[in-house]
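Okay, handing you the structure first.
Note that the chains take the letters A, B, C and D in the order they are written out, and that residue 1 is the start of every chain.
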């Protein structure tokens, strides 16, 4: 290919944002928008097609790759938290301050809200085809679960709260392990590995609520669904259910991250620069 | 292994093409032929076996690996666009000129046409077994959807057009993120990651049309199907439906690519050469 | 991100364990706890939802990623055996002594026991919903197979014992191949590759017993299930069945590891440091 | 871990084979034995469980990982052909001579034969449970397809022959692309990528015969099945069917490999040593 003038570089010279906060806001908003726009569309394809196309494995791998690429795109501009629980974990680590955490969470929640709006618009015809144009939150024509989580019938509020602590805790635990520099995982593999963590959680702790484990991905879309579905999205199955996927992930992430450090991270040696693992020589 | 005279090197010394345009044409033609020959065979296995062998997850991962290896084989000779929408995106980036873009698109569309012919020949017995030898475009014995996309019954032309803008837009957005040198994704991982993007789009935006998101992969095979199926392939479900998978991807790719740059790419810092990520030292 | 005081580093300076045995114990206990807590939850989702969510492919990939991330988190602190059979293999290799092996096995079995307890607590509501609150080991409302293995009806004790020799043998064989420095597999890929080995064994040798191939993952949880299910967990389908998944893996791992070395490992040349594979030049 | 005397290194010093032909024979025999022992067990789990455990996606990913790890274990001792068609392709490339090719093919076919015997022994109880102890080649209690390929009812001999040319051709084409040093694919990724090629072929060209694409994997086990199933394994569905999976792969592999070189490989430039891909600078 001949080396010619690149239009993206020309535009970059004019439009580059140098303000750190604005850059973070744009990045986290855009990343979480992409994550939710893609992820909620996966849910739509699972629910509206009643398993003909997407099965549970598609939901698991689809969301996993949505994480992989949303993180990969935004890792260098904002660290790609894309999840208030992860931002809160970094806050407890002392990696970001309180104000910065609020910027992250605001951008993420706005991204989740608009991601839900995007999916509602995109699959408007498919939703109409499914429910005959009459929106229902749950039941046989219910479609609100495309956007926000609703618990299985057997699941109590306590069960839902615990579920979100455990699910987000495992996410935070393994994210902390993967990014710990002492574990020497190459940084270009971080995003793909996060995707694997999501597959794992979906196969193990997805039965009660569908593993939202991200307040921006649950509260943002739930707020949007007030418009098409009414305020019932905050009162089904109970007036306080929504608290579980909104607040339990924060607790879980802090718990999971510090648990990793308590059992493993604190005790790791600093890596020695080496080129080759020596072979044990027979005496 | 003894180092002996390699026949491939001998033949290379005689047959090597040095003309840049011919090399690009051969590469894009062959790559898109392989992509469509393999991909349409995946569709055949999905449709003709009615889900006994291929389920949706096989379609997603099968096409993903078809992208991975078609790209990997042709990346060094032509950059492995294999999709007119991606070539158009690079044209808007100023990476290739108008004439070169036309060479790419022509080679790709020819590859798609012949890929369809190959699958028709290969699965001729299986198609006959499925429809009793009487070709139908749609319906219970319809098989034209092996080759080109046909929309779900609920899907309007506007919905189909939007679908292809969004699907191809996401493809172009993440391709741009992955290949952006400032994101420092090792080049040998580009092709595998493109495959992951395809899995993700198939799980999220594949319900309306089946995610063609590539005019060469849709128009090329549709042109071929005129021969066995008649001109109805251009008039079902409407005389203008085919316009959506043919032209919307071009718009989508340009939009998706530039959107990535507007939100992320423009604001990335130039990478600093570093060997090791420093550990935050406690004060 | 501003470089600020990291709370995890501060805490590390205070809480770091330098005692080698304690560090290994913490690491193997925590790693095997995570592996079993996640893995048995995958089984729960497979059994309790009767295939609506988890299918066999979810079980395979879910457990695989549970291995990947449990190993990745504990590789630098204890070598991430997480399996008495693997520890025994390393003992036969002379890499660890008898006392150290006992520390590994004890920590692992305790981790398995508590992992089972965790899943029982976590999915208590879901299990009650499935069996109406009356625990059964096997049969249509049986749930003990969430925790420990029970053989298929056609499977004899000899068949079960052979099954565990073969399954664990293949695991140990390929683990030995992957970590053999002469095969030059980069160490950051070891954990992801172990996951692939698990998928492979689950698809090939999972039909008789469900591939426990790890005494800590089978005996630990079986001991826990005495409390909710009674001592029948040690007498169904026979009083000696449990011996197969408890002891056959030890034999299998030693056999598989040494078989790799006998056919391949012994005969490998020491690697030559090279930057580039030379192309055969035509004469 | 304390650096102690390694028993494997001690044994290596005594048992190391230096004879090149014997080393290749051991490696190819053992690798193809592992590939077939694992792969045919995957087939057994697919056929005997009638889709309850293994679905088509398990067959695809299971065989893929069987390839990945068999190749990874034997790559340094024999180049890990594990397939007479690949050995024949290398013979046409001039990389190995005729005698050496015969050593490869003999070792591979013996490995396939014993792999089949191993699976027959391992799943003896499960096969008896499936067919009541009366062996049938095809039909509702037929189990011979665990070991060797049998074509779909609609498939002619010509169709089967073409199927094996195309399937093995694509395998050889992409293997040649992946290992071509000018494509600069890191050698530790070769084996994992070969696995991806297998998934792709299984999803696209597996409907007619089940993609054997390897004479050692088809003829070796077919020869073994004469003992339990009788000579009908060579006469169903016709006396000459077995010729297709035995000889067509050789033609296909040579064709596919050279086709890659004709369209791509010959025209690749020699790589320039570089550390960083330059960013197009705006004029």
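Some observations on this one:
FYI, contacts are C-beta pairs under 8 Å (C-beta built on N, C-alpha and C of every residue); 3 or more make two chains touch, one makes a residue touch a chain.
The model shown is predicted, which means the values in this text are computed figures rather than measured ones.
Because subunit C and subunit D carry the same sequence, their contact can be compared by residue number, and under half of the numbers here are used by both.
Among the other chains, A has the CA centre that is most remote from the centre of subunit D. When the CA atoms of subunit A are superposed on those of subunit B, the rotation angle is 90 degrees to the nearest 5. One simple way to say how far apart two chains are is to compare their mean CA positions; for subunit B and subunit D this gives 28 Å. Taking the mean of the C-alpha atoms as each chain's centre, subunit A and subunit D sit 39 Å apart. For subunit A, the set of residues touching two or more other chains reads 4-6, 10, 12, 55, 57, 95, 182, 279-280.
Residue ranges on subunit A touching subunit C, taken from their complex, read 55-57, 60, 79, 92-97, 152-156, 159, 162-163, 166, 170, 173-174, 177-178, 182-186, 189, 193, 196-197, 199-200, 202-208, 258, 260-269, 276-280.
Within the complex formed with subunit D, the residues of subunit B that make contact are 1, 4-8, 10-12, 15-18, 23, 26-27, 29-30, 34, 38-39, 41-42, 44-45, 48-49, 52-55, 57-59, 61-62, 65-66, 68-69, 72-77, 95, 122-123, 125-126, 128-129, 181-182, 187-188, 192, 195, 270, 273.
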